[in-house]
Every structure is written in C-alpha cells, then in structure tokens.
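You will see two complexes here that share chain A, one where it goes with chain B and one where it goes with chain C.
Showing the complex of A and B:
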C-alpha cells in the first residue's frame, strides 16, 4: 500500500484521499475552519497549512534520488500547502505543527489575522465553550495581538429567518453556511456579500433563510456568527451535559445530542451518523425540545386521583386479574422495542391480545430526506415484534367484547382511532407522557411514562436500523439501570449533570417511569415475575431469540446502531 | 552566480527602436472599422490558416511557441506552451477560450487601446487561438467600467460575424467558433483567471484552488485557456510575418512588440508601442521626460503590484522579464508609473494598499484581514501617528500574507509595501514617531526603538 510520512511516522493510506481528512482519521489534529467532510473544499480559511514535499525522482529513469546517506531527497513545495486540498501521494512527506516550528508559526500567523477583526466577545457569545475558533486560538494561536486599530463593523443581531440569527462581526468567512445551502439543501438562500474584510453571509434582498434545515448552519458555523434563535442566551454550553441519543421525531431515527441543564432539555443538535442523517437534522426536529419539559404527566393516578405508585400497580394488577382474559393491549410506535416486547409478555400472562400499534404514517408528509412520512419513531420495531399497524374498525369491534384496554405510551382518542364514547364500560390502563393526553380522562389507571430522553431502550428506524436511546435527563425516582446509563458507568448519584447545574433539584425531575419498570411490577403482582435486570437484558434476549433483532445488543448498537436483517414486508 | 553576466547593462535590448514601426496599434485612421482593417491586410492571417491551410492546429501552436510570445497579462508565461496544455479533443466535452479584458491593475491601460483602435486584430487572434486549440466558444470578458468599449467591441464582433470571420463555418470552412462578449461587474479580482471563470459562470468571483488547472477543469469544469487581450492580438502578427520575425524583436527570452502604458509624473503619459527590452530611461524620454523638469525618484515598472524601483535601480534596467527580475521587480503588464522627487512614497504606498484592501475578495484569511491591517498601519504612518516599530510589523505582515493564499492578490498587496519600505525606508522612518510602542514615554528612545511589541505591551530588546 502507498505510504505517507507524517512528522516522520509512516502511515499507509487508500488512494484518493486528502491529507487533512486522513490526519483527522489518524487522530492527528490539524487546526481548520472551512473544511467539513460533507462539503466542498474551498481551502479559504488557510488554517490547515502544513509543509509537504515529494521524494525527488530521476527524470530519465524514474528512480528515487538519494543523498550521500542513502536517504531519499525530498522536494518540498515552495509554499505551505493547505492539507484539506492536498491529495495524498505515495512517498509524500508532511510536517505538521507538531514537528515543524515553521508550520506552527504559519498557523499562529493565520490565527492572528483571523482574530484581528473578530470581536472577541466570547464572554457573551453563545458559541464560547464549543467554539473551534476559541479552542484553536488557544491551542495554536499567538499569545496576543499586535493589532491596535478599531475592528471592522458589520451588522449584528440580524434575523436571517425564523430560526437563525446572524452576528456578522463574528464571522470568519469560512463559507460553510453558504456551501451548505448551495450543496446540501440546494436552497441557495445564503451567499457572501461585499468584499474583503467587509464580507459576510446574507440572504438575497427581500429573501429570508427559511430552509427547513436552516439551523444546520448554526452547527456548521465555527464561530458564534450564526446562532439558533431559540437557544440564544439560554445557557452556557459548559453548564449543560450533552447526551448522545436518538430523536423521536419521525421514523428516520435521526441521531442527536440532547443538551440538558437542570434536568431540562434546552437544545437538540444533530450527531453524525453517515448511515442515517449524516451530519444534519431538520429544524422541526430541534424545535420539539419543549415537549420533553412542558405539560408532563406527573405521579400515578387511579380514576383521576393522585396515588402512590404502589397503589396504582396494585389497582392495575387487580383490574387485569379480574378481566379474566378479556384484555386488549395496544402497543406503541412511540415506545421502545423493550417496552413493546414486555407488553407482549404481559399480554401472554393475562391471556390477552396485542391488537397492534396506532400508525402515524401519512403519505406525502415527509420530504424524502430526513423528515419521514411516519411521525412516530418505532413502528418498525413494533412490526419486528409481530405487532402490526392497528385497524381502527377491528379495535372498535373487539372493544365491544372486552372489559379492559391497556394502552402503552399513546393517545388513541387524539389519534382518532377511538372516541370517548367507545370507552364507556371499558377499564382503561394507560401509560401517558403528557397531561394533555386526551385518553387520560377515560383512564382508570394512569402511569406517567418516561419519554425517549429519560429512558433506556431501542428504536428501530424505517430502514431497519436498531439504535439506542440513552437517558439525557433524570426522572424523580432514578433506578439503578438509569443511574448506570447516565453516569460514567458508576452508580454514584453525583455523576449526573454537570458541576454547574442543579441536576439534584427535584423541581424539573418528572415523576414518571419507563415501561420496563412498570410492566414487570404488574407481572410480579400477577404471579408471573419477569426476571430482567434492566432493559439491556431484555434486548439481549430479543437479539438471541428473535431473528428480526439478531445482533442488536447494546454493545453492538453502541453510538451508531446496527442495521438489522431485512424481514420483508409485514405479513 | 558571479560569472553570470549582468543583464543590467544600461544598454537597450530593443534594437533600433527609434525606427520601430507600430504593428499592434499602427497609425491608420479608422482601423476599428472592418473595411479599413481588411484594406490593410486584416483577416489575411485567418484566411491563410483556416482556409488555405498554412498551419494545422498543432502547427499554429508550435509557431506561437517558436515566436517566444509570452503572456502580456502579467505573469509572462509562454503562450504556445499554455495552449499545448489543452488535453486532446474529446467530442463529448466543450472547450473554452477566455479572452481576459478585465484590465484593472492600477497603472495598466493598454488593452483598452486595442479595444478602441484595433479590435479586429484581437478578434482575428481569438479565432486563430480557437483554431489552434479546436475551441468553439470564446468568452471575451471585459471589465464593467469599460462599458463604452463593451459596446464598441460588440459592434466589431458583429461586423466580423457578418463577414463570416466568426461564427458558423468561418470563411466557408468546416471550422466554426463563436465569440461572446461578456461584461464584467467591476472587480479587480475578476482578472485573476480562475475567478474570471467563476464570474463568467455567474458565481461569486472567488479564485479557485489549483490544481486542477484551467486546461483540465476550467469554465463549467471543461478544458479552458485564458489569454490576455494583447497576447491574442499578437497572434495574427506572428502568422503574417512569421515566428522568426516576432522572435527577432526585443531580447531573446522575452520577445515581440509590447504596449507600454506610461503614467505618473511625465509630460506625455499614454500607451506606447515598442519592442520589449526598452531601457526605462528611453521610455521616460519617449513620454516627454519628467514633468516640470523634476528628478524621477522611483519607477513602478509593471502595474501597481510590482515592486517599485529606485531611480538608481531603474536606470540600467530594460523592460523584459529577466532583466527586471535581476533589477528587483517584474515586468507585470508593462504599465510603468514614474514618480518624481516630490512624491511622498509613504502616501503612494498607502494608496496602493488601499486599493488592494478594497479589492481583496475576502476568501482567504491572510489577504482578507491582512490587506486591511496593512492599510491601517500605512494610514497611521502617513498621518504622522505611526511608530518606527510599525515598519517591522508591516514587513512581518507581508511575510504572513505572501504565498499563503489561493491566488496572488495577497502577494500583489504585499510586494509594494515590502519593497516600498525596503527601498525607501528613510522616507518611512521620517514620518514615524521614534517610539517603540504606543504610549511609551520617549526618553531618548534609543533602547526602545528596536523593540517589538509583545502581547503584554512591554517591548523586548
């Protein structure tokens, strides 16, 4: 294989790559701003410059030329080369800033230039703490500045569109945002205006940045020039903990990071997964963050009255026992694979039937990219468990002969598959996440349900990819599984949250529980205990016993998920 | 290199230039009209090549190579060699010629003389170049400020179309080529060949990174050659009179007639056609000598980006690439600017720095922010508020800009500053306050003067 020598170390490489990406892949950090793996390479920030050369070859014979010590003679490029645009060539010799003072000086010079017109308002900038310019200036920049003039002034607080705000003075003109709208969404809504040190990105006159994916430019922006309108001045990034998980916005299974402070989701950003969402997510999937904080159903209820969880368990178990087999179960495309699986087991225990899950598929709702036709995140997971999309008329006919309806994480009334009148004379047991749930007034027993940001579990996206949910925020009664998942593998309670937030404050902890806690409690009371040490063991069992989930263990899914075997069209 | 004979002999390399007969801009009335042009042998070269088969495409390229013609747009690259970089014809791929008429370098105003007085020579050259490289479309890019010339040239192109010199089946042969006159929107950077192509494509005129070079992937990703207006105007002359004739004009390595654009403190500024290798002193004489009998102090030999020469350096120098390199500058576009003894070199350098600050496209960091910094420092010095340490900083900034950007604008911005300070340092120092850093108490200043400003504001010694 061809070789490249970086700082004296040989590395083998595949043909066709560029030096910067190769270095990043090898864990060699080279500072850069404009380069992004999903965008074209303009080499305009000039930050990633290195010294590079090729071994000299004899023109006539093509043989390598060696010096008196038998070492190959290297012809260095006369100018420093931007590594982002430099093709890897066999035998190439590269000196980065780690090896060459000259290169380190070039990079420091470049950062000095970059900072002279940058406002350095880090103390009030939302990007501070996660800012490539800040980080790289500290690491590779000069100690100070020799610039003694007033900086260039440009527009500030420009509302580019409904979701994005521009501070042009902070802009370093890397053009990532304009390349994103030109190359990825092809909406061409942003372009650079003006020349020289007066230029900045802007929409065309009279136009706004209303691309449905507009907020990706805020993630791309290597400074605080483009910020998400909803998140401006909300929180400092170092006050938040960031949890890698999966969005429940639609069946795409968009990989996200949930940003939490004081047990509230404040921000959702995309997490790179080249097999699912690459680096992007739609604005709509971010703007759901309040759903996890507001209007949550708190505390178990029996016939509308708040009761202790134990009381609710007892009551639900009694209802199920008394029903004597005439129990209908509804799975849920919002609940995890684990919860749905436990529900099928519970149904077996009481001799009931899982009728299906309420489908949220709506032809034409999606955009063919990251917004799916299916609004719910886990329909595919239900299908793989043998739970099918619910036929509303079948449910209504079956309901006549049933005495109990058990609903997992859903709202059949709001979904329109049932009306309140249909539920007269039926005892409803409901797992519900929100107090606004329209089935809730009809529920005899209601269990507040943990949402995807609070639970451990698995979603299977519409392409058949099993992906793990991790708890990003705490619920009122944390159990050992949740503690282990939230911490750094330790069960100590002080591992949750960041040192700066009030993670231990009870105020924002929702009094709810995940299905995998509630259902085994009921099974216990029905005399058929489920012996799982948490959801991971549930998934281990499924991965082993159900061919539709082969290989989908937690360690295998890890951060990027596992593509499951195709099981064909549902029967 | 001690045994290398110096080129700075103080003797002309232009031969018998006093009896030189103009060929690019001959003294013929109404030459811009196609009938007049035809009466004086116009389009004979085209007919000889395209119709009578004087050269096949490769032969024409070789002839241009043999003539020693070097690009007149500033870089001075061999034109024939550039043409030969075009890949073999692929019927699936269109190929383009761009004629670069985005003449925007301060001190350069030669192409517009061709637009105005001899546009058909350029058009004939374009068609010949298209023939040599089998190109079916040429974009003639004219800078926005030249709107009058755009109309004028368009008229000439229309005439040439009507007479069958351009368009489908040139002169009744199988060879067809089109010329599209494109009116630029007025930015200096559009004269840089890759940003010219971006501008042509309707994109923001950011220079592109090379490789790929235009011959591999130029306009719309297709093989493209970019030549200057004056370069192409030389081609019919080479065809008519032969490569040997062309090569016999001027010094061996840089041949042919050149349009010298002379400006500054001279009595008769203007465009003068002479062979390459003219002594700068002779050109001063041609331009009527220094205004008001003053002494000339400095010469900028090839447009504002070329390093200024002191008169001592300029006196033995001739106008060709090799000699000027030895003299410490470059030929550029042969736009000479003479500066007399009253010129404030600081002010002059500041004005040039302003131009490059204004025209930097803003793509690359060192140029975008560096050009502004240079101007701010020079302004401060020019206004008497600068410090001697600023000169060291200016030179360091030049180091930080040169060779570190996509295109050569940063170099063009840095050279006049660097060489202005190097060659006229006492003038710069005279305008500076003798303090090491802002706010320092002067004392005798001697220890501080050499100090640099450290980040904490204390000078090092």
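Showing the complex of A and C:
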C-alpha cells in the first residue's frame, strides 16, 4: 500500500484521498475552517497549510537521491500547501504544526490575519463555546493582535430568512454556507457579496433565505455569523447538555443532538450519520423543540381526576381484569419498539387483540430527502412486531362489542380514526404525552407518556434501520435505567452537580413515565409479571427471538444504529 | 462620536424588503444582435457560469448601470443563479450597482499612487467638483470614486475615466485640463506608457514629464538574471 510520512510517522493510505481528511481520520488535528467533508474543497481559509514534499529522484536513473548520511533528500513544495486540497501521493513527506515551527507560525499568522476584522464579541456571541474559530485561535493562534485600528464594520442582525440571522462582522468568508445552498440543497440562495475586507454572505436583492434546510448553514458556520433565529440568546452552550439521539420528526430517523438546559429542550441539531441524514436536518425538525416542553400531561389521572400513579395502575389493572367484552389495544407509531412489544405481551396476558397502529402516512408530504411522507417515527418498528396499519372501519366495528380500548402514545380522536361518540360505553386506557390530547377527555385512566427525549428505546426508520433513543431530559420519577442511560448514576458527584446540570431544576421535570415502566406495573397486577431489568433487556429478547430484529441489541446499535434485514412487504 | 451613536451599516438590499425598480419589464429584452453576442459568450466556456462577466458587461453597456432587475435579467438569460450573479456584480467596482454620472473618475489611491500623491489628486478633484468620493455632481456629469490598484503603477498617480482610458502621471494642471475636455464632451484618448525596459529609447528616463535621475534607473533585464 502507498505510504505517507506525517510528522515522521509512516501511514498507509488508500489512493484518491486528500491529506486533511486523512489526517483527521488518523486523529491528527489540523486547524481548518472552510473544509467540510460534504462540500467541495475551495481551500480559501488557508488555515490548514502544512509543509509537504516528495523524495527527490535522479532524473536519469529514477533512483532516490540521498544525502551524505544516506537519508533521502526531500524536495519540499516551495510554499506551504493547503492540506485540504493536497492529493496524497506515495512517499509524500508532511510536516504539520506539531512537528514544524515554520508551519505553526504560518497557521498563527493566518489566524492573526483572520482575526483582524473579527469583532471578538465572544462574550455575547451564541457560537462561543462551540466555535471553531475560538477553539483554534486558542490552540493555534497568536497571543495577541498587532492590529490597533478600528475594524471594518459590516451589517449586523440581518434577518436572512425566517430562521437564520446574519452577523456579517463575524464572518470569515469560508463560503461553507454558500456552498451548502449551491451544492447540497441547490437552492442557490446565498452568495458572497462585495469584496476584500467588506465581503459577507447575502441573498440576492429582495430575496430571502427560505430554504427548508436553511438552518444547516448555522451548523456549518465556523463562527457566529449565522445563527438560528429561534435559539439566539437563549442559552450558552456550556450550560447545556447535549444528548445524541434520534428525532421523532417523521420516519427518516434523523440523527440529532438534543440540547437541554434545566430539563427543557432548547435546541436540536443534526448528528452526523452518513447512512441516514449525513450531516443535515430540515428546519421543521428543529422547530418542534417546544413540543417536548409545553402542554405536557402531568400526573396520572382516573376519570379526569389527578391520582397517585399506584392508584392509576390499580384502576387500569382492574378495568382490564373485569372486562366483560373484548379488550382492544392500539399500538403506536410514536412509541418505541420496546413499548409496542410490551403492549403485545400485555394484550396476550389479558386475551386482548392488538388491532394495529394509527398510520400517519400522507402521500406527497415529504420532499424525497429528509422530510418523509410518514409523520410518525416508528411505523416500521410496529410492522416488524406484526402490528399493522390500522383500518379505521375495522376499529369502528370492533368497538361495538368492546368494553376496553387501550391506546399507547397516540390520539385516535385527533387522528380521525374514531370520534368521541364511538367511545360511549368503552373504557379507555390512554398513554398520552400532551394535555391537548383530544382522546384524553374520554379516557378512564390516563398515563402521561414520556416522549422520545425522555425515554430509552428504539425506533426503526422507514429504511429498516434500528436506532437508539437516549434520555435527554429528566422526568419526575427517574428510575435506575434512566439514570444509568443519562450517565447520572448514584455517585456523589452526580448528585451534587452544578446549577446548570440537567437534573438541577425540578420545576421542569414532567411527571410522566415511559411505557416500559407502566406496562410491567399493569402486568404485575394482572398476575403475569414481566421480568425485564429495563428496556435494554426487552430489546435483547427481541433481537434473539424475532428475526425482524436480529442484531438490534443496544451495544450494536450504539450511536449509528443497525440496518435490519429486509422483511418484505407486510402480509 | 459617542460610543452609542454608532449604527451598523445595512446591506444594500435588506433580505425580503421590496426592491425599487428602475428599468421597466418591457425594456428588459435583448436585441437580436445582443442575443447573438450572448450566445457567443456562452459558447466560449464549458459552463454558463463563465459568461457571467461578459453578460453583465453587455447589460451595463445597454442600461448604463446594473440595478437588481438587470442583474436578475442577466441571471435568467445565462441560466445561472441570481445570487451568484449578484455576488459577481458586487465584487467588481467596474460594475455600477448605483446610477453614476456620465463620467466616472476612478482615482487610484492604492500603494504606488498613494506615495506619488494619489490622495492629493483625489482631494483636488473633490474640491474642483464640490463633491466627495462616491458622489455625483448635480446634473449627473461627474462621479468620483476612490479605486484600488488599476495596474498602472509605473505612471502613478493616475485615474481612469468610466472604465475606459487611463490618464497617467497626474498633476493638478492635468486634472484641470481633463475636466475641461470632459465638459466639452471629449474623452481622453488611450495613451501608451513606456515600461522600464524601454528606458534606453528614452535616454534612461522612464518618465516623460520629469528630468532623468540615475537612482530610478532599472538595470537591463539580462543583468538581473543569473
């Protein structure tokens, strides 16, 4: 295999790569701003410069030229090379800033130049704390600036579109944003305007940045020039915890990070997963963040009255045990695989029937990319458990002879599969996440449901990829599984914490519970206990016993998920 | 200036705000001849992007300047994104994004001209015309602009008239004469300026308007090469 020598160390490489990406893959950090693996390589920030060369060869014989010590003579490029655009060549010798003072000085000078007109308003900048310019100026930059004059002033607080705000003074003109709109979404809505020290990205006159994926430019921006309108001045990033999980926006299974402060989701950003969403997510999937914080159903209810959870369990178990007609169950495309699986087991226990899940598939809603036709995140997971899309007329006819309807994380009235009148004479047990749930007034027993940001579980996206949910915010009654998943075990340090830790503020903890806590409680009371130590064991059992979930254990899914075997069209 | 009196500049066109129109839709058409020229520009390059500068230049010749609707017209003609064409148009000072006077005087104040008195020429022009740089005289005859290097350092200080002829080796008398000529409607002609390697023909003097000095002599190119 061809070899490249980086800081004296030999590395083998595959032909066709560029030096910077190769170094990053090897864990060798080279500072850079304009380079992004998903975009073209313009080499315009000049930050990733290294010293590179090739061994000299005798022109006549082709033999390597050696010096008096017998070491090969290296012909270095006369000037430093931008590693992002430098093709790897067999035998290439590279010196990075770790090895060469010359390179370190070049990079420091480049940063000093970049900072000449940068406002250094980090104390009020939303990017501070997650800013490549800040981090790299700290690590590789000069100690100060020799520039003692008034900086160039450019437009600030420019609303580029509904979701993105521009501060042109902070811009370093890396062109990542313009390349994103030109190459990834091809909406071509941004361009660098003006020249020299006065340039910045802007839309064409009179036009706005209304690309449905516009906020990705805020993630791409290596400085605080482009920020998300909804998140501006909401919180400092170091006050928040960031949890890698999966979005419940549609069946794409977009990998995201949930940013939480005081148990509230303040921000959602994409997490790289090249098999699902690459580096991107649509704006609409970020703007759902308030759903997790507002109008949440709190505390168990029996016939509309707030009761202790134990009372609600007892009442639900009694209803299920004493049912004189048939007991109907509805799975949910919003609930995890684990919850739906436990629901099928509960249905077996009481001899009930799981009729299906309410489908949220709307033909033409999606855009063929990251916005799916299916609004719900886990329809595929239900299908793999043998729960099929619900036929509304079947439900109506079955309801006639039914005495109990058990609904997992859904709202059949709002979904239009049945009306309040249909539920006359039927006792409804409902898991509901929001107080605005329209089925809630008809529910005899209501269990507030933990949402995807509060639970542990698995979603299977429409392409059959099983991906893990991790709890991002705490609920009122944390159990051991949730604590362990949040990395907040029982140690003293964890209990102490800092004022900004996610478990600090009790006021925002929603009094709800995940299905994998509630359903086993009911099973206990029905005399058929489920012996699972948390949802991980549920998934272990599924991975072992159900061929549709082979291999989907928690360790295997980890951060990027597991592509499940194709099970074909549902029978 | 008190600290609070500073107001950030605004972009030339705030996104989403209505844009004033200067050219009516029915005027935004190419003639047969112009269409042929554009087809020729496009044929010169592998992609349409390449023709953007010639397209803008043609539009500026036609409309006198480049208001947004003209830039958009060029973008549509060449089938390239509007924002991209706008970006190109704003990059070059030679494309006029605002309405200018009949004669645009681009006075170079970049390094070589600056040390040879470029700012003196600029300020003299400003005094003579009663406007400051970036402004246009009443009646729309003259616009003064401060320009970056126009590539004529050998004859600094200099200026350019409406993206056309250069006026070299400026003095205040030359400026007066130029203004008089322009008022009379006479554009200066293109003037050839000697380069250092022609010094022998000029008796060792690269400037035609001053006496020869030995310290300014450039050794022959052959002597500077090893």
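As a working rule, the second predicted complex is superposed on the first by the 556 of 571 C-alpha atoms of A that agree within 3 Å, B and C clash if a C-alpha of one lies under 4 Å from a C-alpha of the other, contacts with A are read in each partner's own complex, and residues count from 1 in each chain.
By our rule, a residue touches a chain if its C-beta (ideal position, glycine included) is under 8 Å from a C-beta of that chain, and two chains touch if they have at least 3 such contacts.
Because the structure is a prediction, the values reported are computed rather than measured.
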Partners on chain A (chain B, chain C) - clash or fit: clash
Partner chain(s) touched by A:109 [first = chain B, second = chain C, both, neither]: first
Partner chain in contact with A:44 - chain B first, chain C second, else both or neither: first
Contacts of A:195 with chain B and chain C, given as first, second, both or neither: both
Contacts of A:156 with chain B and chain C, given as first, second, both or neither: second
Chain A residues touched by each partner, larger count belonging to chain B or chain C: B
First (chain B), second (chain C), both or neither touched by A:203: second
Among 350-358, 368-376 or 440-448 on chain B, the segment whose C-alpha atoms clash with chain C after superposition: 350-358
Intersection of chain A interface sets (partners chain B, chain C): 191-192, 194-196, 199
Parts of chain B lying in touch with chain A, wherever the complex brings them together: 187, 189, 204, 206, 209, 357-366, 368-373, 376, 380, 393, 399-400, 403-406, 438, 453-456
Contacting residues of chain A [partner chain B, same complex]: 41-47, 49, 78-80, 82, 85, 106, 109-110, 112-114, 116-117, 142-149, 152, 172-173, 175, 191-192, 194-199
Chain A to chain C touching residues, read off their complex: 153-161, 168-169, 178, 181-182, 188-196, 199, 202-209
Complex interface listing, chain C residues touching chain A: 6, 8-19, 68, 71-72, 81-87, 90-93, 148
